[in-house]
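In the two complexes that follow, chain A is the common piece, with chain B as its partner first and chain C second.
And now, the complex of A and B:
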């Protein structure tokens, strides 16, 4: 928005014709943007409450009383989400890296690893998360494991880890592929072994390149933790469901959404910031 | 709310009038016959077929309207002379047998047809639709006159929807497995407190559980009965709280090695689990249905239906 030249804004006589023209253009597009935004906001604010069912919708989705009553309980339950996220995220990062390295193995003798990596990512990226959670969360403990090894927390988390590690592995692999072959050749000519090349030359650049993409995956994971509620753990989504059922009111879901947004919006913005920074660095 | 209902009914009769006018004009002024051979003519002919069938339909419905009887539910149902009842998807035993409420088999199906009869609806004038719990409480127009799937009546829910008088008062029962009983679980509160509990999150079982048993560990919650039993089979939970008829069914048929440890009679709870029909808030049909339920209770018909479909419910040990 600021003028690139040293000519102060508004002092039209000092502007060249082009600058004056560009300034007019900018003002015009700003006015248009403000006008259309205002029109949309007004339309939503005015028209939605005019809908005949608005009162009913307001009462069952935006009920202040219910919100106040249930929000503390929801916050409490959200700690469970945070805990599950915190113990899953590092394992996902490590497993994802390992699988990505499997897929980059070049020695013929280790081809089975490569094959395993490919099959693993194909399978777990191809399955809906909820299906994996059901299969592993109920299926494996059904084999007759003793407590506490059959806990839904353990197996539900494992399901999340398996699925998300597949995505992370693919992202990291794309990062590894993005490093030009000449770098490996240069490293080899310096006398670095394959392992050292990967460790000191390829991975540091690859992981930095894909950090924003991985950040997005972890935001998605934060939301998918809620799926664990299907096999028993009472996290924020399930707690909202309990309130919904007891009060016959959907407001608790809105409360849960608010909590999720409070966490995911800053995280998304941060991922965007990282991505922009990276684009600037690369250009 | 009732105002809006009436308005929509006015809209309905307006539409009805419009259709009749259209039919009349079609009879009176048929399109010119030289049009029939052209492409346009074909479209118009097709339109005429549609309109004629609509006219026929409208005519039958007005005949049915004329034949309407002076019952209390007249004009209060969604469709004239049809009682639309919603149940779960699937509907569970023993409330509805074989997921086929049309058969009238199972406690709720039988009660539904008894109420329909009281209201003056023939059995073939009853139409069934399926909804989930969430669909039943969502704001906006409903596609059922009332919804019947073991809804517990609570004052909190009553602020959002309307319930009929209770048609069943259920004891709560403890479902567990043989393994847990062998490990020493008994039908005493002390023993129950130490178990790992599970419950269906959409039911009132959770507040009951906290109120009556107050388990030491936080209960695990699930989306439906099937998931609760799956968790029990996976030995992730020891016991679960259900209404007695459901628990009986699950222990006998669904859960391998399932045992019904005991029941908490309805009198034990401050807010016993009473099932009511769920109505959209302000639905005027509720008063008629309440009259019908009262009549069924007083005539002993409700008890008779209960004896037919829920007879095994007696004889389960009571938890002290």
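And now, the complex of A and C:
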């Protein structure tokens, strides 16, 4: 009873009544969770192979030989996804910030900017990404521009930039709105102008507050780069399609999925971690 | 000529009238305390003087110049009048020193180098020399409020406004903030305080104004107003709070 830390875990004496009760409860729920998980896994492992088409599915989706043969090529193609992401992301961040600021202008002379910001975000958040990619990716090169301005890489990227900048702008704007007006009052009372208040007081706090939300957007962008395959660029999804046709096997798609997950799951977890950390700090 | 004069200032938020013709005159080096129940209009009056809220009618004269003229650029005037808020309102993403230097750098155009010595001196003067590099959330409420006062003082204001600056503090931290006010008082700063610290007002104010229902019902030197109030409502209020 005297030194609780030296008591080994278990129902040893030295636990308070509450601790002993909670320990029993914890053990009980752990046993239940383990049991039910095991039952589900067993059911899947036993039942799925009983389906009439399982052998065919296994051959065409989970073919180890095809996987080993195509995976290096898929990884190579994925570098294109990464490249497209890397040149789009900074432009999206800047454009999103600019649009968010447009929506916050107060001066009547600059009202057109405010209006433009509102229409811009409404339009590009209201359209399916694939539709924008088609319209811009097929539409603009139709103008017959000379190389390199007829490249689907350029116009496909532009489509992604336009759409994602609209989302980023809305996230940043919500961050700006989340800064309490007393901060603006404090800055104004010191003689700072509206612009200086935004630049030095509001924006630094706003952008920090919405960093996790923006990170989730950029994870989504990484996945949506695959949509460019529909207008030509050979990235991992299109490369998987090529292998599929070549080998008459769907395993390359599973390979592509593995590559995406290897990147997005850690990134999503990290964003969640940031968001939780932020929530704890604010409470 | 009064340093600051308010002439029948009126202000309302929609149907809610918060100043009904306020007249007030503050001389250079004077300390005026505004007392009264919550919602009597003390805070709004201070925010109007600082031009954070535009007034509906009447005039506010600073050194005899009308600063309440609609359409006037408020920034240079705000830079001459410091205000400290109940909830500190420090910028949480900046250290104490950065909080203090922001406005002198951006508004007065001073460089970080030229500010270093005077800002250090300000922090030392208020016993916060060791806290300059701390962020607001690493400081106690009393320390935060003293940094907020330093931040306002760094603009070398001609008048300082204090909006119930001890109301959000734990009782044991009130003293250190009031000590700062005492110090400013001896240095001859012109000050207007909205406050619930009656003992403090009684000890140091040159003039105390009792606000009731959005007007100044009674004003006078503290000994008269506290010991021998003219109005029944003043008497009733003082009886409640003393």
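By our rule, the second predicted complex is superposed on the first by the 273 of 283 C-alpha atoms of A that agree within 3 Å, B and C clash if a C-alpha of one lies under 4 Å from a C-alpha of the other, contacts with A are read in each partner's own complex, and residues count from 1 in each chain.
Basically, a residue touches a chain if its C-beta (ideal position, glycine included) is under 8 Å from a C-beta of that chain, and two chains touch if they have at least 3 such contacts.
Keep in mind that what you see is a predicted model, and the values were worked out from it rather than measured.
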| item | value |
| --- | --- |
| Which of chain B and chain C A:127 touches, first, second, both or neither | neither |
| Partner chain(s) touched by A:267 [first = chain B, second = chain C, both, neither] | neither |
| Larger contact residue set on chain A - chain B or chain C | B |
| First, second, both or neither for A:186, with chain B first and chain C second | second |
| Shared contact residues on chain A - chain B and chain C | none |
| Residue ranges of chain C touching chain A (in the complex, touch as defined) | 47, 50, 52, 74-76, 78-79, 81-83, 85, 87, 89-93, 102-103, 106-107, 151-152, 155 |
| Chain C-facing residues of chain A, complex | 182-183, 185-193, 196, 200-201, 204-205, 208 |
| In the complex with chain B, residue positions of chain A that touch it | 52-53, 56-57, 59-61, 138-139, 141-142, 144-145, 147, 150-152, 229-234, 238, 241-242, 244-250 |
| Complex contact set, residues of chain B against chain A | 4, 133-134, 137-141, 154, 156-157, 159-161, 198, 201-204, 206-207, 218-223, 227, 230-231, 233-237 |
